[in-house]
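Here chain A shows up in two complexes: once beside chain B, once beside chain C.
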Partner chain A sequence: MADRMPGNEHRPSKFAQYRALLAKDLRQEIRTREMLTSMVVYALLVLTVYGAALSQVGDRVQVVAFAGGMLWALIVFTSLLGLNRSFAHETESGCLEGILLAPVDRSVIFLAKATSNLVFLTVVELICVPLFFIFFLSGAELAPTTPMIVLPLVVGTVGVAGVGTLLSTMTIDTRGRDVLLAILLIPVIFPLLYACVSACSVAFVGVEGTFGTFWTSLAVAAAYDVIMVAAAWGLYEFVVEG
Partner chain B sequence: MTYKANQRPLDALVPVALVLGVALVIVGVVWTFTLAPLVQGAELSEPVVIAGQQVTTKLLLSQKIFYLHVPVAVSSFAVMAFAAFWSIRLLMTGDRAFDVRAKTAMEVTLVFVAATMISGDLWTCFEWGVWWVWEPRLTTYFILTLLVIGYFILRNAIEDPERRARFSAVFCIVAFVDAPISFLITRLVPSSIHPVVFRTDSGLPPMMLIPFLLGLFGMLLMAFALTRIALAINARAAEVEELKARLEEQDAQAQRAAAQEALDRLRAAGVRVSDSASSAHTPEVVGSNPDSERSVAAPDSPSKEV
Partner chain C sequence: MPSAQEAYAVEAHGLIKQFGSRRALDNLELTVPRGAFLSIFGPNGAGKTTLLRALALLSRPTRGSLRMLGVNALEEPERLRPRIGLISHRSMLYGDLSAQENLEFFSSLYEGKPNHARIDELLRLVELDHRRNDAVRTYSRGMQQRLSIARSLVSNPDLVLLDEPYSGLDPHAVDLTDELLGRVREQNPQRTFIMVSHDLNKGFAWMTHALIMARGQAVFTGEKAGIDCDAFRELYLATVGLGVA
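And now, the complex of A and B:
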């Protein structure tokens, strides 16, 4: 309706707004490489800690049994770091205020921000997951179903990016925001984490007849994504207004 | 608007609900320990291996925890539902009174959640032989506990009351998503060793069902009464804060008025002094303290122009 009002003919469509906001985030990241560098280095450090934690586990087969859980611990900690960083440069020199002053729909801001977070998380995972395999599973006999871990990884990352965008916007201006994001995010994404770890573990172990669990877990994770991303999308305007 | 004006007829029921609730819970507990039969093993239809140990089938006294544990847990869900409801109302209306209500309901929720966790862990220890299992119901409830605690940490981290109200409401709604999951998980994951208690054929013999229902209704009444009492306390506390702010405002106004009056008096004195000084041409009379004369005279001149 507002589009038909005189003077609004040249107002960019929602998709154009979304593209512009997303392009801004990606361009900023490509130029500074601030977030990706810190996330990849942090992930590498977590892998190093795993190296010490698993140094006494001689048998590679044992590692396969809990590789799904370790992979997800890596992803959760790395995305916590990334989500904190993703809004850090928005608060610098009033960038977020500038975006809010522009006549852009709040849900478009959420979608753009969630998408850029999703892109960064995906890039980090593309680097870290192969590293995880090289460091901890290179000698192990992998089940033929191992590539199926991509599905829970995708579904899980979408959920973490969606909920994480809402919660990191809330914590950005608070006291002790780094800790607060962890305190809020980890319990909220727990059901997703649980489902994704269970699906990944089934794929890693690859025993015949357990794939019912895989699909059930994946369905639970997908349902969580739909509910939580929709809730985050709807509630986002209350978080950025004012 | 005072608290009395806000008072609902519902508050008249609070003492009745509290007394009745406590009485029902006491009757339930007494019944539990006297008339209710002991149970073979846990509330299980078949033996289950937990932590490498088969759950015993001997008569278990610790099963009595069930009669309090379940009512407390149900009450925590019920009160948290109100917290989420008031959070939604806050976001819809922007009325800060709903923030006080949501916060109050979350405080009561925290009490019930803590009671549930303690009684539940005693159950885990005595019935299942372990202190903790990552079983679906336990896990989801543990997450609920963390979310309720996180709610208060979030509140404490935000200074601006308006933003605090909005953010904590958003988080309360997000957190409440976990409550139905926790409640329904025993139906969603049938392998769970938690029994499904809420069904029409609960499988409990009447001697066990009656004390359980007494405890349940008593606990819900107590939850209602506690929430209303906490609401009254918090509403009054908010009112005291408001009155304090108003009093401070009035105090500041009075002080400003007194200062203004003193200044006026001083100006009048200054005018008198300068008049007498100019008429007498004897600055020595007031020259004992020339600084004060200047400072008094200085603000005087613009006011004369006005």
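And now, the complex of A and C:
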């Protein structure tokens, strides 16, 4: 192997590094299905518990009224499980250190990990949201605005993936990290959660004259995403090297 | 030939690393010439791994100056990262990916895309080319360590750091690792090695220079040529008795 000439330093593009990091996460998950399987199974169990809890509610209109809250409780708790698993591979054999040794901008690591978490959360939602409709809303008369829940779902999932990636990095080397992540994540995402539940509830109920609330909630959620994901991006270097 | 500025692989002056009220590195002074093999000894908690992490640019010293391979490591770490490799007792490999995929991934981080010629060369060097498509979790600990050595060399580093590389290896795997390190050293005489080890015999066999640390400080530094083996062993054992910082 030739000796390196001083000053002859090749810097790979950030996009190429982002692509390599993301491809590695996706390839690993496709091969093991560890994260997706545990998240989907957990979501199905929560749906079963919901089924038992709501079995005595005869009035489907009542179920529709709090469907937004139920849906987001399902998403947040399932996300916690996935986010805790997302760094398991990185810490098992010190792989994160292997990545940090390379000339990779720390914000690129954040962006790749947040993207992979977003992909996994989206896959789980694509499976669980239709099941939620089948189990709990199949007999109910749905408002024509119901499909609009997709907007708060997308905006909310981006925020959970972004903030969750930062917080799960902070807790990877701590004892009781599973509990600690929940303790940190839920208060931090509370404004986002509140806005998304509000927007989803308005979309589910579809009462005329309440759509100002939908757009206001969506704007709050989007603003939260921009501020918190940008902050997480900026802070990631300190967190991951701390 | 390295420039005069690069005559030293490492020049550390007044290096301090503070964790709360505890100083893991306490005004450490260290110079390592290029092409040297420095073995670092010391008791648990002496600051050896902290020093190695600082040299690997994984941890920033609290105070002091650190110049490596002619570059100010505290001001321009990004310039240095491709020139430093780390072999640890942890493999830093993804168990569910194959050897080929692991090396392709790390190669992409350094070069933007996998350098297949280099990967082939490294897999042949560590004698794992016949198992290149097998998942790393199916490898023995010794094979994982050989692949870990290949991973550390993927960017053709000028400085290789070794943190307890023999930890958890059986005697046969230790011999294979020794043989491999010998080949890696022969390939590039200008490449510098810094090894932390609790194994005095191994460290002594490899080293051209020695550093004994205790309580975050350098207790002894010197060239192997000027060291009497028995006196060195006595000094080491006395240092181990000093305990942690």
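Everything that follows uses one rule, which is that the second predicted complex is superposed on the first by the 231 of 242 C-alpha atoms of A that agree within 3 Å, B and C clash if a C-alpha of one lies under 4 Å from a C-alpha of the other, contacts with A are read in each partner's own complex, and residues count from 1 in each chain.
Please note the rule applied: a residue touches a chain if its C-beta (ideal position, glycine included) is under 8 Å from a C-beta of that chain, and two chains touch if they have at least 3 such contacts.
Not measured: the values here are computed from a predicted model.
Colleague: Touching A:V239 in the superposition: chain B (first), chain C (second), both, neither?
Modeller: A:V239 contacts chain B only, not chain C.
Colleague: For A:S38 in the superposed arrangement: first (chain B), second (chain C), both or neither?
Modeller: It touches nothing on chain B or chain C.
Colleague: May I ask you to decide whether A:T145 touches chain B, chain C, both, or neither, giving the answer as first, second, both or neither?
Modeller: Neither: A:T145 stays clear of chain B and chain C.
Colleague: If you count the residues of chain A that each partner touches, which comes out higher, chain B or chain C?
Modeller: When the residues of chain A touched by each partner are counted, C comes out ahead.
Colleague: Mind working out whether A:V104 is in touch with chain B, chain C, both or neither, as first, second, both or neither?
Modeller: Touch partner of A:V104: chain C, not chain B.
Colleague: Under the stated touch criterion, which partner chain does A:T213 make contact with: chain B (first), chain C (second), both, or neither?
Modeller: Neither partner.
Colleague: For A:H89, is the partner it touches chain B (first), chain C (second), both, or none of the two (neither)?
Modeller: In the superposed model, A:H89 contacts chain C only, not chain B.
Colleague: For A:G176, select first, second, both or neither according to whether it touches chain B, chain C, the two together, or no partner.
Modeller: After superposition on chain A, A:G176 lies in contact with chain B alone.
Colleague: Common interface residues of chain A with chain B and chain C?
Modeller: 241
Colleague: For chain A, which residues count as touching chain B in their complex?
Modeller: So the residues of chain A in touch with chain B come to 163, 166-167, 170-171, 173-177, 180, 183-184, 186-188, 190-191, 194, 227-228, 231-232, 235, 238-239, 241-242.
Colleague: In the complex formed with chain C, which residues of chain A make contact?
Modeller: Against chain C, chain A makes touches at 1-4, 6, 9-13, 16-17, 19-21, 23-24, 27-28, 31-32, 89, 92-95, 97-104, 241.
Colleague: Using the touch definition up top, name the residues of chain C that touch chain A in the complex.
Modeller: Contact set of chain C toward chain A: 2-3, 6, 56-60, 69-70, 78-79, 81-86, 88, 90-97, 101, 105-106, 108-113, 118, 121, 151, 153, 155-156, 158, 187-188, 190-191.
Colleague: Could you pull out which chain B residues touch chain A in their complex?
Modeller: By the definition above, chain B touches chain A via 91, 139-140, 143, 146-147, 149-150, 153-154, 157-159, 162-163, 166-167, 169-171, 173-175, 177-178, 181.
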